[in-house]
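As written, the chains take the letters A, B, C and D, and residue 1 is the first residue of each chain.
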């Protein structure tokens, strides 16, 4: 017997820009939206029966249509509105709305000219189910570097180990992090996001790191301690190695000045820091 | 109380080319390898204790060092060798080796000149645990298109639905598919891969599609029926829309000839087809 | 005094798929088109005067509208039709049409299912001027490798030279090549393209290379000798280094078996091989 | 007779990070360098003679070796040092050094932690020849948008024109601009760059645009007027269309609020604004 297992479908990469022209200065919102539905869709696979299949084209139209009324605040709130809309159809059990927003900053004091802040994106993933709503917020593509207070030593050495221990290396990574809000805890999503982001950056800057793993712990612990609305935080951090260039063949000393930065291969450290069940 | 939850670490994007020079003609293997370990690593996070942390640099060295002896056949076998190596350390509970291989074809009858087949990649993901080994094989980046026998009709219409029903559309997608081999079932991984790939393509070509969902079912069902070594198959298929261009303003008829091909937004259909538990 | 210097404008990345349904089997054409106009457009800059500015949106429409009638053979011919169309406006001095085509191959004997050949693209650049038409054809993204018959030695050594001489290295590159057809020489562009591509690959496979520069010469010379319709050929070849991994620390011999393939940094060798003026 | 025409060779994508640790706070420089040489290299092609071929590996080593002493100020100065070094070999006629720098900003008041400013890159292209040095500086990847004061009207209408005239559209682009410094005019390259960038942004924000062409003129004219050290400025501006979504089928008014942002196809406007010969 053959059957349909886990499945979802939807529309991805919906590119939506909204210009709020109400105030003295315009405000630009720049979103990329993915919509995915889970529910009673097995017949669309096994019988080619589209009776319940909300067209992904309709999902796209819905995102644009609801943006006027519902994209007035945080992307989490817009995600909730979209998710609830799709739950209006009985065959849908869960609608997951993922949104990536990039910021546009005014040029000087101009009311209507902007530059895009390409330094990172804000993300949200809102899963609206029949019995539960899960809201995650996050940061994507934030490149950060420590030029001091980063070590890696004390690791085991086997036949294939050539890496030297170091108490002073560059640590560089491009942050993908997201966190789940405790049920009912967060309502001012813009403030929550800004707070967690600030904590991430300040702890990244201030701590002494024994490894990328250790940094994840120190930062994650601080986020949970300072932000009670956060139930858990997950990070996926590539270790983008910066190797000190050996200039000794040229009679040149290189005391942690000149590095080659690399992307392949890279370490990849992924972990969730959470409140323990007994916490 | 705050604790470390799910976590893994490793080295990604290890780029390895091996040239087998033993026969009359060379053979080129071109692999990109990701290694990820799960195990007793909580102290590396919460205490900055690297005692058990196999350096990711050592992982990279290990991949190159073992390639001579162990990369002689299928990437699944190389993945198994790498995974078992890392299980040699007691703190490791599971080593997951993901490999992506691109094929190089000889130019004519040349023994030592090659072109890369950029049409798709072969993938493997081997998870070697203490009690269980899970082997998945797959295809990535295979672009396929049907210019007939593809419909999409009978879907519900609501306030936001503008898509017209059609019994003749282009279906185009870029295939990411992978399948899990039943325990102990597959040992000639090259043959298994070739067989599943052939089934995928031939059923894709031959079936009449009511939707991308329906195509996933028809193809997945055929794979399971024809390949008993396959326990389940998962597909992630973007629906890369090709819209018929409206040339009527120019007095030109366009009867399914000229299309604009698009990538944003795109549908995304993901499902697993499996043998039922009672099967 | 400030003035407008060199300038051009147009539409890029026009994505067009055409399905020819006339025969027993369909044929898929998959083009990406750039259109650029040069002419009497200075006033559109310095006076904001759009009187002569053919909208780039109109260019896009024109590409789709002319595809039915004019995209029946080689992309060079379609480029000529498009270019001549735009020369119909007096303010246009030169229309340059650049087209990139990727091939779709039938799956088995299917008349209406295809896989995309991702191994390379065919390119054309047709510049239609008032007094002159220049037609270039080319290959893009063709990855090739030699595992023997490639050396690099005899180069000068200075204070900063550490590279060892070698008489046996891997040479790998991703070919961007294009060639100009002599005036009036080529009319069967499909055949010409196939011929030059075959020459490229066979000479790449057969020659002994002293360097990438030397390979460009050997291949370019052969193209000019065998294809009288070609006036000159230009190549831009990255040298994608494959470094032999030093496995001696692990007590493993690595006699040109295991390599790390790299993309950053890479050599870049660019040259035109041409018939001399006295030729 | 067949001969070598225009040619150059070098090393591209040299990734160099330098940390200046001298002051109280560190400073991070993050460069990607391309080196290309032109000169007496024909024999390396036609005779496979490497006697004069400075290995591209040596070029890479040289970039790292000279960074300690010479990368202390503007990238233009480092480019000059590199270019002059290669002119030390008699077979070299011209060395062109292209550098792309991305900025890292301190996190708060931290002396040793940084975030990368991903919003744009600074570029320089220094061509050091036997008789002439040409220095160009530029901006790459700067995304900007105007939500008012942008029109496009008065363009000609032909059979294939469907675009409506508008006096209020979004203009969005990703700026690639560079400018040539007049001989001997610029010596404080950091200040010059900052000044031109500021002019670009402020004029972009303040002017009323009749078209992308017109904007290039207005901005370019201002740069030349305000910065006497600039001899000419070139821009390559994609017109990244933002189309107003038609929400009228859903009974929703959309008065320049909700847009779909697109990248394919896009307009592409390229021009040089210069001082006239009589200027």
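Simple rule for what comes next: a residue touches a chain if its C-beta (ideal position, glycine included) is under 8 Å from a C-beta of that chain, and two chains touch if they have at least 3 such contacts.
As the structure is a computational prediction, the values presented were derived from the model and not from experiment.
Undergrad: Based on mean C-alpha positions, I'd like to know which chain lies farthest from subunit C.
TA: That would be chain A.
Undergrad: So, what's the distance in Å between the C-alpha centres of subunit B and subunit A?
TA: The answer is 24 Å.
Undergrad: Provide the C-alpha centroid distance between subunit B and subunit D, rounded to the nearest whole angstrom.
TA: Centres of subunit B and subunit D (C-alpha means) sit 38 Å apart.
Undergrad: Just the number, please: Cα centre separation of subunit A and subunit D in whole Å.
TA: One centre to the other, that is 30 Å.
Undergrad: Pull out every residue in subunit A that's touching 2 or more other chains.
TA: 15, 61, 65, 160, 162, 250, 262-264
Undergrad: If every chain is a node and each touching pair gets an edge, what shape is that graph: line, ring, star, complete or other?
TA: complete
Undergrad: Quick one: which bits of subunit B touch subunit A in the complex? Just the residue numbers, please.
TA: 1-15, 34, 36, 41, 44-46, 48-58, 60-62, 65, 89, 152-156, 158, 160-163, 209-214, 216-217, 220-221, 224-225, 232, 238-239, 263-276, 278-279
Undergrad: Sort out for me which residues of subunit B touch subunit C in the complex.
TA: Contacts found on subunit B: 15-21, 26, 28, 30, 61, 64-65, 67-68, 104, 107-108, 110-120, 141-149, 170, 201-202, 204-206, 242, 245, 247, 250, 252, 254, 256-262.
Undergrad: In the complex, go through subunit A and note every residue touching subunit C.
TA: Spelled out, the residues of subunit A in touch with subunit C are 159-160, 162, 249-250, 262-264.
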